[in-house]
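Below is one structure; the comments refer to it alone.
Per-chain numbering from 1; labels A, B, C and D assigned in written order.
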Amino acid sequence: MSIWEYANPKKFMQTSAWALPWVAGLTLVTLIGGLVWGFFFTPDDYKQGSTVKIIYIHVPAAMMAINVWAMMLVTSLIWLIRRHHVSALAAKAAAPVGMVMTLIALITGAIWGQPMWGTWWEWDPRLTSFLILFLFYLGYIALWGAIDNPDTAADLTGVLCLVGSVFAILSRYAVNFWNQGLHQGASLSLDKEENVADVFWYPLVVSITGFVLLFLALVLIRTRTEIRARRLQALETRERMA
Amino acid sequence: MIALLARDLALAVRAGGGFGLGLAFFLIVVTLVPFGVGPEGGVLARIAPGILWLGALLACLLSLDRIFALDYEDGSLDLLATAPIPLEGVVTIKAAAHWITTGLPLVAAAPVFGILLHLEGAGFFWLTASLALGTPALSVLGTFGAALTVGLKRGGLLLSLLVLPLYVPTLIFGAELVRRGVAGMETTTPLLMLAGITAATVALVPFASAAAIRVNLR
Amino acid sequence: MSEPPLVSVAGLAVARGGLAVLEGIDFVVSRGAALILRGPNGIGKTTLLRTLAGLQPPLAGTLSALPEAVAYAAHADGLKATLSVTENLRFWAAVYGTGSIDPALNAMNLSALRDRPAHSLSAGQKRRLGLARLLVTGRPVWVLDEPTVSLDAASVALFATAVRAHLAGGGAALIATHIDLGLHEARVLDLTPFRARPPEAGGIRGSFDEAFA
Amino acid sequence: MIPDLGKYAGAVLGSYAVTIALLLGLVAVTLWRSAKVKRALAAQEARMGQGDG
């Protein structure tokens, strides 16, 4: 059995209908579990005080902001190369989720930064990069919305996602060059887990899992919606032509 | 291809304002800035590189939506797409024509505007150099945005939304180059980055633009 | 057959807006032949011609017309209003790498107007200039979408003469039109029987339907 | 029940509140549109007499 079988919409609808309750249930458990654990049952950091609790939303949201775009890049490529409609629709479905994640990362970053840096907004390279990423999401979503023909929209947004990815990475580098920041270094990459004490680390992992699952559940629902909307549009057009 | 470039330039000249409009807009931006931030020479000199780069960027943005829109409306774009010129060549020529009508006059006039903003000595050289290196990338990326939005009725605002994030690296390195030039700091890194971005953009983005045009004409 | 036909189409299906509009089209057009496409509005004549011109991919079937052999003329003439008649034509001659534009000007009776800017031409004169563009392309296969819109009877006759000359010179033409062009030797293909059936009736699925295979 | 957040209570609570509000909003919009499209498609299929989709 090939993985491409799931690119068939009917198969996708069947499989996703089966998977959705499980994903949704697990999302509820891990997301609520992670956030409750992080909010109620973790100690304060000796330096950052209780603001360290923001880590349980800021970091997962920031990770998702980037990873959702990466997923959109992959699905766009699959669409452009293999022309699987589900792939293009999944990219469309994911974009608003990624945008909200970016927004959460920005807002919590600003709120966290206020007591730490003494200002709501600091043109710190990472925050700035996320702001730019947010703009890319905005443009991508706006382009989907502006084009009527769904195949044209899928093609053009796919190309935009490709070019945008390159320039998003370039911007990241450029912003770094332009302002060396205040952010702490990559304290959370998986191979460096010793950088964060275990008491913070375990609830964080649960919370990250929760965010990933939430994204998965939302994308499944939204892709299902997009497939239905597509069928609806096809039926309406056919009716008009008949 | 030369015929296409010649035609586009002739059209820009005859339509009136092809060359002048971007420049006039640039002048207005530079004139308005002191009203916004106050007339102190020190402040103006400090923000001059950024203002001049931003003005160039906005002036460039101003005329983007016309790159393909007119050819799309009168059917020329269909005909060009079936002509023996590769579409990648067509979009490159379009970008070149856009640069000659907006980017090039800005490069030439920027030192004059620099005077208005009290730009300091070494800045004039670096400003001209950075604009000359950076504005081709702006035109090529703008052509890409125009290619994406060519079939849309009201693509103007969307075009800005799509193109401006793509301008970030060029703007950062361009303005940084001038700033460092004025301050007498090391300029090699931003210079190379700016040149590299422009070279890669000019070489690769036309393929994306041509693909977008093909999709839009389908 | 001594040489392959310029255009041959087998089992061709074309789609518009993600839905198949025409399917099962077969025809050949050899050198010296013209094919006139007829059919009610909205059946997909323009879509078919754009497919032949290489502007969009066919949904199914084979299409052996080299895009390099096709000169396409759409509803819009692609004229630049501020350029003169000769400037407009010279541009296309340069793009296609062909030489003189004078034969085209004469054939379309535009010589007297040669220095007039295109915006001062009447609708019919513009149309003639658009057709003169075909002559300067030097390409063998003309694919024409409603070429006689806004032409008067004399100009239609002029157009028919130009097509005949093109055919006599070894060219071919595919013309979508509603009116009688006076090209009696041309074959007529009515597209109505090729209207795509809905997928439930065994028709070809457009990309919209493909999403629900 | 609420842990002592000290002087940063506003920042922490605000972050959580904004995040939860945004996520709930996203979920609500997603579900709402899903239901709407589902209904519209069902209606269209019923009208065209092919309820097999």
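To be clear about the criterion, a residue touches a chain if its C-beta (ideal position, glycine included) is under 8 Å from a C-beta of that chain, and two chains touch if they have at least 3 such contacts.
Every value quoted in this text rests on a predicted model; they were computed, and no experiment measured them.
**Q** Quick one: which pair of chains has the most contacts?
**A** So the pair of chains linked by the most contacts is A-D.
**Q** Where the CA atoms of chain A average out and where those of chain D average out, how many Å apart are those spots?
**A** 15
**Q** Calculate how many whole Å lie between the centre of chain A and the centre of chain B, each centre taken as the average of the chain's C-alpha atoms.
**A** About 32 Å, centre to centre.
**Q** Centroid from C-alpha atoms only, then distance chain B to chain D, rounded to Å. What do you get?
**A** Taking the mean C-alpha position of each chain, the two centres sit 41 Å apart.
**Q** Please work out the Cα centroid separation of chain A and chain C, and write it as a whole number of Å.
**A** Here the centre of chain C sits 48 Å away from the centre of chain A.
**Q** Please output the residue numbers of chain D that touch at least 2 other chains, ranges allowed.
**A** If we look for residues of chain D contacting two or more partner chains, we find 53.
**Q** Got the chain C residues that touch at least 2 other chains?
**A** 212
**Q** For chain A, write out the residues touching at least two other chains, lowest number first.
**A** Within chain A, the residues that touch at least two other chains are 231.
**Q** Which of the chains touch, listed as pairs?
**A** A-B, A-C, A-D, B-C
**Q** Please name which positions on chain B make contact with chain C in the complex.
**A** Touch residues, chain B against chain C: 2-4, 7, 10-11, 14-15, 71, 73-76, 78-85, 217-218.
**Q** Help me check something: in the complex, which residues belonging to chain B touch chain A?
**A** 144, 148-149, 151-152, 155, 158, 161-162, 164-166, 168-169, 172-173, 176, 189-190, 193, 197, 205, 208, 211-212, 215-216, 218
**Q** Spell out the part of chain A that touches chain B in their complex, as residue ranges.
**A** 132, 135-136, 138-139, 142-143, 146-147, 152, 155-156, 159-160, 162-164, 167-168, 170-171, 173-175, 177-178
**Q** Report the residues of chain A in contact with chain D in the complex, numbered from low to high.
**A** For this pair, the touching residues of chain A are 35, 39-40, 44, 49-51, 53-54, 57-58, 61, 96-97, 100, 103-104, 107-108, 111-112, 114-115, 214, 218, 221-222, 224-225, 228-229, 231-232, 235-236, 239.
**Q** Can you list the residues on chain D that touch chain A in the complex?
**A** Spelled out, the residues of chain D in touch with chain A are 1-9, 11-12, 14-16, 18-19, 22-23, 25-27, 29-31, 33-34, 37-38, 40-41, 44-45, 47-48, 53.
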